[in-house]
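Right after this note come the structures.
You will see chain A twice below: alongside chain B first, and alongside chain C after that.
Let's look at the complex of A and B:
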C-alpha cells in the first residue's frame, strides 16, 4: 500500500504546492502513481466542498495513525482562528487552527512545508496582524520542518521519501532534515573565494560576492548553491547576482531584513573587523571550537544562535 | 430551503467563499466571501522600500512576478528612475514566463478537472461525476494533456529561474531593473525551452479549449455579465517603456475608454474592515480589520471604478486590444486565457532576440527619504496596483489592490454586486449535491483563492449563513 498523504493549505500563498509541482524525476505523475496515495491537496485535488470534507473524515477514522500530514502556511489565532478557514464541516466553519490540531493528532508524521508553516515566515512578520503561529506551536507532537520560501521541490520530495523508506531523517535543532539544511549557504557558495578575497558586488547584477549587498548566506542553512533551482537545477539567487535573503531561517523575514543591508560587521574587543575578515574568523572559530563565551562576543546574539542551532550543537554558556 | 455548502473550494489559491441562492435550478443571487485575512499591507509598513519587490511577492505564489513588477514600478516611480532597456526586457521575459506558467496550470490543473472524467486515483477521487460530456477518446487525450501540462508548467517556471534564480519568488524583478546579464548560453537555453512551451500552447492548449467549447457550447452564455472590464496594461515596450504590448483600458458596457486612476475607490461597507466615511482612494485607504462589523461578509474589499464593478484578466486584456470581443461567458474567459498565452509566448520570442549582451541590466539608485509611488501592471488575473509612501527612508503606507479584489469583490457601499457575483446569476444548478456549474463559472475567472461556495436553494426560509462571527 502506498502511504497516504494529506496536504493542507492554511494561511498560505500556495507557493510551496506550486514549487512542489516543479519536481523533476520524480515528477508529479510518477509521484501520485507510484510513490504515495496523494489523498488531498487543496490546490490540485479534484475534490471540493463536501467531497473534500469526506476525505478529511475518512483520514480521521480509517487512516488514523497512518497518514502523513503536510501543512503549508501559518495558523492564524486572531479572532479564534477565523482568519483562515479550511472548509465547512457539518455546516460550520472549520478553522485552520482546528483542522491542524485534529488532523495533526492522528497523523503518523507531520511535515511543515515552507517557512510559514515551519517558523511563521512572511505571514507572521511584524506586526503579525493575524497572530499566526507555525505548526509546531499548535501541536503537541514533533513536526518535521522543511522550510524555504518556497520549498525546493527536492527538499520536500526527499524528506517524504526518507520518511517512507528509511523513517525519520536526522534533524537539526530546528527540526530541519540535516540532509538538506546541514550547512550554511556561505560555506557552500561558489563565490566564497570572492568573499575571502574581499571582492564584493557593488550593485545587483554583478558576478561577485553578494555579502555587502545584504547576502544572508553566512546565517542561512540550505543547500541552494549545490542543489540549485527548480527541478532542473538551473540557478539560485546568488547565481542570479542577487543576495540570499535567508528564506529557510527561523527568523525569516524580519531577522533578515533589510534584504539589501549587510550583516553587522564582526566586533572583537578593541577591534572592528570588516566583512572581508569575517569568513576567516568564522572558519577559525569553528575550527578551534571556540566556546560560546568568546564566540558570543565575536558575533552578535542572533547570528550566533542561528549558527549554533543549525549545527545541532547547543551554545555552551558559563 | 435547502442549503448546500461547498467548502473548501479547491483548485484556486487561498480561501474565499460564495453563497449562492438557487431558485428553479438557477442561481438568483450570489455573495463572494473572502474568508482569509493576512494583513500584508500592515506587514510592509516600517520596512525598507527596496525589500517590497521581494517581500510583496509572498502575497501570491502563482503570480509572484506580477507583485514583484508592481512593487518595482512603485519604487521606481517614487525614486524617479527607470531600468535600462535590457533590464526591462528581462523583466518582461520573467513576468511573461510566469504568465505562461499560470495560464497553463490554470487551464489543466484547476479548470479542466470540472469538465473531464479523471483517472480513478487520488487526488482525482473522490470528485463529482455529473455532466461529463466528452467522448472517451477525447477525454483520454485531455487526461494525457493534463499530465503533459505539469511538465510544461514546470518548464515555464524553469524560465523564471533561469533569469531570476528561482521560482516562485524570483529575485530577477526589482526596482532598477533585473540581474542576470544576457549571454549567448542563457539566451539559447531560454529560447529552446520557450519553443517547447510555445509548441504545447499552439498545438495542444489552444485546440483543447476549442474542443471544450464544442462540447460545452452553453458555457458561452453561462457566466455572462455586462462587459465592464479593466486592465492597467502589461509588458512595457518602446525605448522608455511608455507603451504596453497589452495596453491599459477601461471597458464600460463594451466601450473602450482611457483609464482614469482617480476613479478607483475602495468600498468597505461589506468588508471586515473599519469603515471609512466615504470610499477611499488606495493611496489613502486604511486596512484595519474588524471581524464584528455588521453587514460585512468578506475579507476582500470592494474596489470600484467610478460606479462600475470591473472584471480583469485575459478576456479584459484581449477585449481592450480588440483581439477578442465575442462575449463575456465562461467559455470566453477560458478561450481568452489560452489565446493570451499564445500571444505572450510569441512576444517573448521577439524579446529574447532584442536582448543585448554586454549592455547594462540594472540602474543603481538611492531610495528617496520622502516620496510616493504607484506601480500599476496587468497581472495574470487582471489589474494589479501597489501604492507606496516613503517617510524617513521607510515604508509608511502600502496599499495593494489585487485582481481578485476586483473580480471576487463583495457588494459595494451602494449594494452593487462584484463581477463574479454578477456572473453567477442565472447559472443553472442541475444537481445540488454536485453543483459543478458553480465551480466552472468561478474558476474561469481564475480567482486567486481557495473558495467556499454556499449554494442556497429557494423555497424555504433562508437563514443568513454566518460565515464568521
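Let's look at the complex of A and C:
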C-alpha cells in the first residue's frame, strides 16, 4: 500500500512546493503514481472548502498513524494563530497551529519542508510580528527537517523515497538527513582549489572562490555543488558566480546576515557593527589604553625609574 | 656543578613553566595571525595562501591545546594555580593596585608573586584560551561537534564567537606584553632564565 501524504502550507512563499514540482528523476509523475498516495497539497489540489477539509477529517479518523505529514512554512502563534488559516472547519477558522498539532499528532512521519518549517527561516526572522515558529517547536514528536530556501526537489524526493522504501534515513543533530546534508558546501565546491590557493573573486560575476564576498559555503551543510539545481542538475549559486547564502543553516537568515560579509554583524544594545569594524574599534581602544598608560608612565617618570633598575643581579647562593 | 645549581635560590619560574610558556607563546601568535588571515585573507599577515594559513592554524591550535592542557595539569599538581587564580585577597587589594596603576598614588604596593592585575589577566587568558580552543574545535570538526554548534545557535554564530574571543585574547596578550616590557625588567628576565 502506498503511504498517504498530506502537504500542508502554512506561512510560506510556496517556493518549496514549486521547487518540488521540478523534480526530474524520479519526477512528480512517478511520485503521484508509484510512490505515494498524494491526498492533499495546498497549492496544486483541485479540492476546495468542505471537500478539502474532508480530506483532513478522513486522514484523522481512517488513516491515523499511516500518513506522512509534510509542512511547508512557519506556524504563527500570536493572535491565537489567526495569522495563518488552513480553512473553515465546522464553520470555525482552523488555524495552521491547530492543524499542525492535530494532524502531526496522528502522522506516522512529520517532515518540515524548507528552512521556514525546519528552523524558522525568513518567515520568523526579526521582528517576527506573528511570533512564527518552526514545526518542531509546536509538536511533541520528532520532525525530519529538510531545509533549503527553497528545497532542492531531490532532497524532498529522496527523503520521501527513503521513508517509503527503507524507513527513516540517518539524521544529524538538526534532524536533517545526512544523505543530503552530511558535508559542507565548501568541501564539495568545484572552486575549492581556488580557496586553497587564495584566488578570490573581488566582485560577484568573477569565476573564482567567493569566500571574500562572504560565501557561506564553509558553514553550510548541503550537497548543492554536486547535486545542483533544479531537476536537471544545471547550476547552483557559486556556479552562477554568486556566493552561497547558507539557506539550509538553522540560523538563516538572521544569524548569517549580511550575506556578502564573512561574519554576522555584532549587535550591542542600540548599536549594530560589522564584525571587522568591531575588531578595529577593539584594537583602537586597546592601543589608546596602552598609549595613555605609557604616556602617564613617561610623564610620571615611573618608566625611567623602572628601566634604571635594570635586569637585577645574578642569582645568589644560599 | 650540579651541587652549585642546587644551591641557587628557588627560581621565580620553574623549567617546566618556562618550557610551556615558550610553547604556547609562539602557538598563540601563529594561531592569531593565521586566524586573522582566515577571517580576511591579506598578504601583510604573512601568508601566501589560505592553504598555508590553514596548515599553520591547524598545527598551532594543537600545540596551544596540548601545552595549555599540560600547563593546567602542572598547575594543579604543584598547586601553582593558587598563585594565579584570584582569591578574596586579590579583590580586596585591587583598589590599592588600581590606584597605583592609574597614577593616583606614588606608593607602589607590594604583592606576593603576582599582583591582582596579573592574576586577573592570567586567569582571563586561561579561561578565554579554553573557550577559544572549544569554539575552534567546533569549527574544525563541525560535523562531529554538532551539539556544540547547536548550543551556539549555528555555525555562523559560533564562528563569530571564535572571532570575538580572538579579540579578547589579543587585548589580554597586548596588555600582558605592555606590562612585561614596562614593569620590572628583572621579572621579564625570569621567564627566560628562571631567576630575577
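Everything below uses one rule, namely that the second predicted complex is superposed on the first by the 262 of 318 C-alpha atoms of A that agree within 3 Å, B and C clash if a C-alpha of one lies under 4 Å from a C-alpha of the other, contacts with A are read in each partner's own complex, and residues count from 1 in each chain.
Methods note: a residue touches a chain if its C-beta (ideal position, glycine included) is under 8 Å from a C-beta of that chain, and two chains touch if they have at least 3 such contacts.
In this text the structure is predicted, and so the values were computed from the model without any measurement.
Engineer: Look at the residues of chain A and decide whether chain B or chain C touches more of them.
Structural biologist: The larger set of chain A residues in touch belongs to B.
Engineer: One more residue to check, A:234. First (chain B), second (chain C), both or neither?
Structural biologist: So A:234 only meets chain B here.
Engineer: So, A:1: does it touch chain B (first), chain C (second), both, or neither?
Structural biologist: neither
Engineer: For A:51, decide between first (touching chain B), second (touching chain C), both and neither.
Structural biologist: In the superposed model, A:51 contacts chain B only, not chain C.
Engineer: Check whether A:174 is in contact with chain B, with chain C, with both or with neither, and answer first, second, both or neither.
Structural biologist: second
Engineer: Of all the chain A residues, which ones make contact with chain B and with chain C?
Structural biologist: none
Engineer: Which positions of chain A touch chain C when the two form their complex?
Structural biologist: 172-174, 182-184, 195-198, 200, 211-212, 216, 219-221, 246, 249-251, 255-256, 262-264, 266, 275-276, 278-279, 282-283, 286, 289-290, 293-294, 296-297, 300, 303, 306-307, 309-312, 315-318
Engineer: Chain B touches which residues of chain A in the complex?
Structural biologist: Touching chain B from chain A are residues 4, 9, 11-19, 21-24, 27-29, 32-33, 37-52, 54-55, 76, 78-80, 82-88, 91, 93, 121-123, 125-127, 129-130, 149-150, 202-205, 229-232, 234-242, 245, 247, 253, 257-261.
Engineer: Can you name the residues of chain B that touch chain A in the complex?
Structural biologist: 3-15, 17, 35-39, 42-43, 46-48, 50-51, 54-55, 58-62, 64, 105, 109-110, 113, 118, 121-128, 147, 150-151, 153-154, 157-158, 161-172, 174, 176-181, 189, 289, 291, 299, 360-362, 364, 433, 439, 450, 452-454, 467-469
Engineer: Which part of chain C faces chain A closely enough to touch in the complex?
Structural biologist: Checking each residue of chain C against chain A gives 4, 7-9, 39-41, 47-51, 54, 101, 103, 142-143, 146-147, 149-150, 153-157, 159-160, 163-164, 167, 170-171, 174-175, 178, 182-186, 188-189, 193, 195-196.
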